[in-house]
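In the two complexes below, chain A is the common chain; its partner is chain B in one and chain C in the other.
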Partner chain A sequence: MALRLKLEDISYSYPLPGSGEAAALSGVSMAVEPGEVLCLAGANGSGKSTLAQVCTGLLLPEAGSLYYGEEKIHGRGPLRDFRRKAGLLFQNPEDQLFADTVARDIAFGPRNHGLKGDELEKRVRESAALVGLPLEELGGRSPFSLSGGEQRRAALAGVLALDPEVLVLDEPFIGLDYEGRRSLEEALTRYRDERGATIIIVTHELSHVWSLATVFGLISEGRLLRFETRAELLSGDADLSSLGMQLPQWGALARELLRSGLSIDDPADPRALAGAMARHKGAHDGG
Partner chain B sequence: MVVDTTTNELDIEIEGLTYTYEGAGSPALKDISLRFERGKMTCLLGRNGSGKSTLARCLNGLLLPGEGRVLSCGLETSDRSNALEVSRRVAMVFQNPDTQMVGETVEEEVAFGPENLGLPTSEIRERVDYALEQAGITELAARQPLRLSQGQKQLVAIAGAIAMKPDFLVSDEATSMLDYSARLRVVELFERLRRGGMGIIHVTHFLEEATLADSVVVLDDGLVVASGTPRDTLGDPGKVRALGLDPLAVTIVAYELEKHGFSVPEDVLTVKELLAWLYA
Partner chain C sequence: MAVNDITIGQYLAAPTLLHRVDPRLKLGAVVAATVLVFIYSGWPLLAFAAMLVTLLAVCGLPLLRVAKALRSVWVIVFVTFLLQIFLTPGEVLWHWGFLSITDTGLANGLLLSGRVVILVVLLSALTMTTPPLKLADGLESLMRPLAYLKVPIARVTTIFSITLMFIPSILDQSSKLVRAQMARGADFESANLLRRVKDVLPVLVPLFVKVFHDADELAVAMDARAYGGGRGRTRLYPMKIHAAEALLTLTFVLASVAIVFIP
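Moving on, here comes the complex of A and B:
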């Protein structure tokens, strides 16, 4: 499949007060396809939030190139076009929300893109529905009067209203409870399926994206170490704790079972884990 | 003075606590009665908006009960003359340590509380050294708090609390924003403090952290809907889900195993325990 977004040898550093600079990213190369859900996983301070901002054209790298499809993004015009196709959900929804009502907040982006009247209203309604935000009830309220979970969904609706082909989310699950995480996961899956969008999720918490992500990029100290699938994370001997992360309990269990020689059809499926254990236990207790 | 023999100066006791935020239609906490003990770690769980942060803030007088009462180490929080002593005895750390940082260096940051108590310099020095050592951050003493990692900042915030020599430490999601390694250090520190006799009350979304606690309290819609040991409260994935929580993977697998005719004891919560059952 054609690539949607490609980064080639990207480097970025933040100036430090006084003297010198701190490298946030060095030599990062990666590529994502339409419909993929890429999890960029790393500890706090690993550079993953900086990478999220580079992926949407918000930060310009000092070195390296960004490609959208076959096009190298170079110069003001192409950058502006790319920014229209890429959306970023910030970690803190309060950094994103600003209008006096939820409905106006969601409408802000598409209005700037020239949508108006019925078309604009329809886009706002669809975006709110996609994230499960009841617009009749909350549309007229101040975004700052909402709960944390509602704010996250309102901010996401505002990003989705721009209809991005590349959707980047920075720690979207932090602070959400079980149901909040489930409903966000469903919204993202729906958007990916309906729009064929590319989704990039930045997180330090693998358990939150364990079933959603199609591939994991491991980041440490500003470098993208390697890409792994879920199966590779389980079977390989990657030491995630040295990267400040851990497998979710699902994965830790599957990994132990695989290591002791049990065969599991789908390590992400609890029924498969139970089936493998039952076969082992049955054979043992019986014999 | 009438001495109420039912109060215990070592515990935090909550009797019929109801709290309603200004302008809110219904109370955030409804007729809650609970007891927290020193030397124990209790995890407060519940979905967003269940009231767990509100409850945490009632324990050290940040919020005062609308009805009922909170006795923190025998001191009624509603009595304004107790405010200072209550906030010293029951220390609090929050999700975002940045909101708590005031000092130029880590050392100053940790000294801030004891200085406000008007203690002699030698005592302040002693307390700061002790707190830094307990938190495992002695080597950060001269650093600027705002230049530290998120996890280090949280350890500094906790060291600041330790320097007040509190009887209880209340964590309002102090681990929520931290990555795994940082979270592990904070939870290990809680465990160390607990063994030293401090009572730990920890609001968290992570059920795996709750498996380490002595007891678990689950709130929903302002009510206590479950309480007991982690094994009593977290073993049944159906019940856990109904409380708005993410069941432990191990308990879901144990539930699936029943369909194969195996009965895994309900007190199995960790990977290690499930594997021990499997290979027994």
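Moving on, here comes the complex of A and C:
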């Protein structure tokens, strides 16, 4: 079971070639409860990938602190312990895969955590099954010979094999077809339900995580602006396009209909939207 | 990670006065200076080093970055120094067991390591202020006479510039690999040397795989854009030497030569 992950006033900047630096994050504070699926949404270059790496303890912030449960993650020991509990799926699976076979790549993490023999093999099999990767067929192949979707799944299996309590995914849905997105979403939901893990998904495409995420953190120019739920995103008057994002198509429709006075029980649910439109039509036809 | 500290071959994006000098002049000056460094010893060498550092500082090159380039070669310099001072025969200055330091050894050690340091500074100043492509252009132009001897100049210089361009890309790839493995429990920050060595090995193999893969893709991309190399290629930006650049370079070379006349 995961603990509460808290970030306090985190800042990070990248050195520019030559001199000077570019601020990627400035003064970010947030808390993620166990079992929550947080979507960090922002345009390209808004600092969300940096934030993802800070959330897993991979990048050390220049200022601010990271808490896991009550413990402040500070110094080598606690940092190493926290990294063992956090898993990060990189934006580009090619940056993540490196072993000569898929099975060995998945086994890399748990082996570092001290798993051996049957236990290790079992963990590899379970993780591959969780993401729907046919290990008998692909386990002996080089990860670089796989298709994009298979690579993504192999990379995720490698992360899940660490059994992370905090799972951070950087643009996991990019480049996947509908089937791939659906099976990834299922795998993540299953993982969260079974392990009580906290999931943080970084994306610029809200429709990909619309039903999966429980809360959305809007990021712009290295700052975390605010948190909103699906319903708040639809009913509020936040201008997402100025943040470089857009609502899912039907969500935009629901928002317009809400503004024009139609009442929808749950604007975040497409079926409720359809129901409201049908009722509206019925009332007009009847009257 | 130490890989990020290697400065040789890395271009400095912030423009300095030296960035504006024609690559052919810079190449010529570096060649001349290299010859002089091997001719000079003692005070002229020190005077030359001082002049070089002053020139770089005046031109606005961040000396700290130049000094970082030395960090990647200090082992070589140090080993050279040790071999020289212990293995050169001469009058013994200090003696302990089978080790003895001689006066000529000490002098030779200092001289050789001084030369290596100056050469590294020269070369990093060149690569820091000249983008790889310009450097290759300059080389190509300087080597043009060799074309009469049927040397494929354009190809040689392309190979040269691609090699230079790959250095930062390899550094980038290796830091990505390190992070990918760190994210999955590899411990690169451990104080245990054996464990660290054990953890670096799995980085090297995939690094080579990825670099070869990248090289393959680059070849395809160049083919796709109809790279043919060879004769008859014109330039988008023809190189031109301005009077001020020539004057600066000439002054530097003349001043370097004049050092020898210092009594």
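Convention: the second predicted complex is superposed on the first by the 284 of 287 C-alpha atoms of A that agree within 3 Å, B and C clash if a C-alpha of one lies under 4 Å from a C-alpha of the other, contacts with A are read in each partner's own complex, and residues count from 1 in each chain.
Rule of thumb we're sticking to: a contact is a pair of C-beta atoms (placed from the backbone, for glycine too) under 8 Å apart; a residue touches a chain by one contact, two chains touch by 3 or more.
As the structure is a prediction and not an experimental result, all values here were calculated from the model.
Asker: Applying the document's definition of touch, where does A:Asp9 land relative to chain B and chain C: first, second, both, or neither?
Answerer: Neither partner.
Asker: Specify the partner with more touching residues on chain A, choosing between chain B and chain C.
Answerer: B
Asker: Just chain B (first), just chain C (second), both, or neither: which does A:Phe144 touch?
Answerer: The second partner, chain C, only.
Asker: Which partner does A:Ala278 reach: the first (chain B), the second (chain C), both, or neither?
Answerer: A:Ala278 contacts chain B only, not chain C.
Asker: Of the partners chain B and chain C, which touch A:Gly244 in the superposed model: first, second, both, neither?
Answerer: first
Asker: What is the contact status of A:Tyr178 with respect to chain B (first) and chain C (second): first, second, both, or neither?
Answerer: first
Asker: Regarding the shared-chain residue A:His113, is it in contact with chain B (first), chain C (second), both, or neither?
Answerer: Touch partner of A:His113: chain C, not chain B.
Asker: Per the contact definition in the header, classify A:Glu21: touching chain B only (first), chain C only (second), both, or neither.
Answerer: After superposing on A, A:Glu21 lies clear of both chain B and chain C.
Asker: When the two structures are overlaid on chain A, which partner does A:Asp266 contact: first (chain B), second (chain C), both, or neither?
Answerer: After superposition on chain A, A:Asp266 lies in contact with neither partner.
Asker: Scan A:Asp81 for contacts with chain B and chain C and give back first, second, both or neither.
Answerer: After superposition on chain A, A:Asp81 lies in contact with neither partner.
Asker: Is there a shared patch on chain A that both chain B and chain C touch, and which residues make it up?
Answerer: none
Asker: Which chain C residues qualify as touching chain A in the complex?
Answerer: 11-14, 62, 176-177, 179-187, 189, 202-203, 205-206, 209-210, 213
Asker: For chain B, which residues are in contact with chain A within the complex?
Answerer: Those in contact with chain A are residues 46-49, 95, 149-151, 173, 176-182, 205, 208, 241, 244-246, 248-250, 252-253, 256-257, 259-262, 271, 274-275, 278-279.
Asker: Using the touch definition from the top, list the residues of chain A that touch chain C in their complex.
Answerer: Those in contact with chain C are residues 16-19, 53, 56, 58, 76, 80, 83-84, 87-88, 90, 94-100, 108-109, 112-113, 144, 158-159, 162.
Asker: Going by the contact rule at the top, pick out the chain A residues touching chain B in the complex.
Answerer: 43-45, 147-149, 174-181, 204-205, 240-241, 244-246, 248-250, 252-253, 256, 260, 270-271, 273-275, 277-278, 280-282
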